[in-house]
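Both of the next two complexes hold chain A, though its partner changes from chain B to chain C.
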Partner chain A sequence: MEIILKKKKMAVTGLSDKSERVKEGIQKNGFDGIRMETRNLTVKYGRVTGVKEISLPVYNEKVTALIGPSGCGKTTFLRALNRMHDLTRNATVTGEVLLDGNNIYHPKVNPVTIRRKIGMVFQKPTPFPTMSIFNNVVAGLKLVGIRNKELLNEVCEKALKQAALFDEVKDRLNSPGGSLSGGQQQRLSIARALAIEPEVLLMDEPTSSLDPQSSSRIEDLIHELKKNYAIVIVTHNLQQAGRVSDNTGFFYLGELIEFGETEKMYTNPVNKRTEEYLTGKFG
Partner chain B sequence: MKREEKINDVLKKPVGVIYRWLGDRIFLSAAVILGLSIIFLSFSMAWVLYGEGRAAFSEFGFWGFLKGTTWDPGIQLIFGALPFLLGTIVTSVAALLIAFFPAIAIGIFIAEYAPRWLGNIIENLVHLIAAIPSVVVGIWGIFVFAPWMRETIYMPVFNWATENSPSLLPVLGNPMGYGMATATIVLALMIIPFTTALTRDAIRQVPKEQREAAWALGATRWEVIRMAVIPYARGGILAGAILSFGRAIGETMAVAMLIGNKNTFPFSIMGPAATMPSVIINEFREAVGSLHLSSLMAIGFVLFVISLIVNLVAAYITRKLSISGGQAV
Partner chain C sequence: MKSFAENKTLFQRNLWDRFMVGLLIVSTILVMVPLLIIIGYVIINGISALNWEFFTEELGSPARAMQGRPTGLVHTIIGTAVVDLLALIISAPVGLGAGILLSEYPDHKLNPFLRIINDTLNGMPAILKGLLAFALIVKPMGTFSGLSGGFALAFVMIPIIARSTESALMNIPWSIREAGLAIGLPRWRVVLSTVMPAAKTGLVTGFLISFARAAGEAAPLMFTSFGNNYLPNHWTGMIFGPVDTLPQRLYSLAISPYKEWHAMGWAAGIVLLVFVITLFVTARLLTRENKYN
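Take a look at the complex of A and B:
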């Protein structure tokens, strides 16, 4: 408890020890800025294969975009990164997902703690409709038992500022989360995910249910957030992937066809299928 | 003739204009008439009950009838509904209090915890219990439950009270097994399936996204239920409980068979009592005096109004607390 409080205090006051931990992790594991990594990750629903033997790195302070046509397994892959498949009936995951070199699917690892470290933002905004804006943001902190009002206020303000929502809602933190507009609700969901200070942020088509203006605000937000987080974003929108990401993985029929720097892949794709997809020949 | 031409011929064939015109109108009028007839039916029911009970209301006054504590169809011909009103309210409220939390727990277990096959089995059994005719429940109560309660609970409690604190005896009442407590517990057993089924329905309505949002924050299973599922389903759960309460109020056969049917105050916990439906079903055949019959009708009218209020409250709560499109309305 005290440790958590201390950690939260450091985070709030800007004395985050996270960058230190990252450096340690990198030195220990010898990765060059790799925050997460999958090795031969396969997800099956019953007998149907969702994604097959994906090996892909997620770099620190970079945005990794996952693109590909509908049903190609990008979301399936993303949900494997914070063990959301544990909750799906008859989904099985094989292979490894390493966070700072440790396999999160190791039998001794508690999926609940993993999900606290790897935050997730969904396609649809998901504020808890009966909770106030404030309680929505600090919901994750209350789960770990933080009740200190002052601390919760600080974290709430910081998270809302990070999500570029604070100015719009600062006067009505006690009104219900459902009273916000769609774009605001999505930024509220992002603030809620940021409040628990995750190490990696997963975003599953975070702008697909939003209007263009809200979308571009969220894209700006992603630019800001990547200074502190490793971000993985699934998107249908090729232009969006091009704008926000540093690396891109192209999925097709459950396989990772190509992975590389976004700029290189967009200008000079190695694989023929990637080229066809990027130029709009299918998908 | 070519195939296309054949098809064209069929398509060009003059459509039965009159038929279509008429069909539309026949369907529309049937739907409108049937729909309006529901309104007419309910109002005329209330009207008939009130009309038949008017003699009693004018004899004792509306509030006088409700507040009267004497029900004597034999000699004095005085009719007061308060014993039945209170009997109904006490048994129903107590039954709801007993049934509420177990029913919700079962509903949550079926919807959230149980593996699908087990959940299905329990769910079907719950539906089965709900479908048992109440007279069968009453028979079971008379021959199995009431004697068992008498032997295992009422008699020991009564004997203990006789020896240790005789002042409790009037509160406890006659431990014969048929009385308020027995009827209430059986009533609770009868409404658990309804509350359970409605709770489960309300929980199934909670969108997957809400649960996943809570999971993604690192919530445990119980925390997900507390944080995302119950708040979202609260309107449905409460409305279900109130509808079950309405059923408890109207439940007739099993209660009439088990409550002991004593028409006068004072009531006691284990001793006999009566409810509005039970007195109606018990006395209708013997109601020779017109004032007696009218009083029973008046009780029927009061019961009708109470049920109406309970249903309206349930509808209001559902609307007030329900959540649509991620927004609390």
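Take a look at the complex of A and C:
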């Protein structure tokens, strides 16, 4: 009976209640192993709403892609997942973001410890300009007081190998991070994020400033990394989202329109707008 | 059909362009000429008094110069270095701290006040800064001193350092800070270990410019370091007793009634000019280097 009512509501409004939609998706697809979850997450810049009441799960050892046209709130949402908005002027975050069931916006939670558990890679490569490749990778450890050389060497090698950069830079770990090519710099940024061994990795359009070859290397890398991490990736590139992700969330005008398994969404989207976007009718 | 090059309006526009560029060149020359005249005049008048004794002897009484006995400004040159360095030591941490607060914590409650105080201090007549140091240091200590001179000059330098620090740090892209925070570094650590090293050149340039500016100030030193014709018996006298400094010695030599002292005043001017120009040129070179990076 309830389900019928909901379907009617959907038919009338074209949209169902957002959290309901996620639950529906979970029931339908039988998902499990939630690492992170947002509940009615709203981000406002002053009076302007960035994203509105987003409820979305992030699964362990899966890649979650966020797609949608420019300015629809994907990045805003992503930045809320590791409290990056704490620094943005006028930004207010309401709702909950749960990491393993604990709200990271709880007043007693220190954002610094949260960011060590939830790593982030940005759109543009951001090596620290004055540091060597080695120091860039281990910055997250060295700058909080870890001085053990052996440990740092070990972590550096492991992280660079994970980021598929080790072979290219192993002979010049002491040269500046800025001396690498754009694609290498982005992998260096990924290595730096991995060096602190986070639980979740957030990637904000990690390939948008790279050439196709470097992009495909990063995509391969994402495939490798998801064995150990929960990954959330924002991308403008629908093919990329299709290639790398297990689940996809479609954002439009600050709202989560649809969330589900990528394959199902791409072949058989539930929502009309998702279908229009995926087929290139707008966006 | 006429080409664009033959077009009359294009010709007029070119003419207008040349005229305006000409105006710019003329105004540049107008700025340069007084500077060159000053430098030239100071050198012509002072060069005769610049000799070995000038850098090795104390000034002593006017009689020394009038009787042709060796006299010089060694105590002034050393005094200038001591007072200016004291000023730098006092002002650098304060100015740096204020600049960091303004740039890295733009939402901080103190910032609007800090900005107003900084601007006011920057615009305040230098002699008032001398009076402030007089009230704060000279009065309680009961004596004129190099230390109080250092404080007076620090009041000149602090607002300049705060400003230059702020703009040097603002030049570093915000993404660097976010990258630091994203790997779980506390905010102060991000500023100290990623932003400030990247802004190093700009920071040093700011110090140099403020230093050069303060080194040329005479007014704040009149009631503070006061002046001295001799080297103190012990080096601590440079800090805790009255000390000579170049700009202020230049002034007192110039208003003295002795012809020999006037020449020494011009020579002191040369030394001061060389010192200040060296600092400014160094600052310029550093900034230029930064641009190419």
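By our rule, the second predicted complex is superposed on the first by the 252 of 283 C-alpha atoms of A that agree within 3 Å, B and C clash if a C-alpha of one lies under 4 Å from a C-alpha of the other, contacts with A are read in each partner's own complex, and residues count from 1 in each chain.
Following the convention adopted for this analysis, a residue touches a chain if its C-beta (ideal position, glycine included) is under 8 Å from a C-beta of that chain, and two chains touch if they have at least 3 such contacts.
Keep in mind that this is a model prediction, so the values were computed, not measured.
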| item | value |
| --- | --- |
| Clash or fit, chain B versus chain C on superposed chain A | clash |
| Touched partner set for A:238, first chain B, second chain C, both or neither | neither |
| First (chain B), second (chain C), both or neither touched by A:176 | first |
| Which of chain B and chain C A:82 touches, first, second, both or neither | both |
| Which of chain B and chain C A:185 touches, first, second, both or neither | first |
| Touching partner for A:151 - first (chain B), second (chain C), both, neither | neither |
| Intersection of the chain A residues that touch chain B with those that touch chain C | 82, 84, 87, 89, 112-113, 115-116, 119-120, 122, 124, 126, 128-131, 139-140, 143-144, 189, 192-193, 196 |
| Contacting residues of chain A [partner chain B, same complex] | 82, 84, 87, 89, 112-113, 115-116, 119-120, 122, 124-131, 139-140, 143-144, 176, 178-179, 185, 189, 192-193, 196 |
| In the complex with chain A, residue positions of chain B that touch it | 116, 209-220, 223, 227-228, 231-232, 234, 323, 326-328 |
| Chain C residues touching chain A - in the complex, by the definition given at the top | 106-107, 175-186, 189, 193-194, 197-198, 200 |
| For the chain A and chain C complex, residues of the former touching the latter | 82, 84, 87, 89, 112-113, 115-116, 119-122, 124, 126, 128-131, 139-140, 143-144, 189, 192-193, 195-196 |
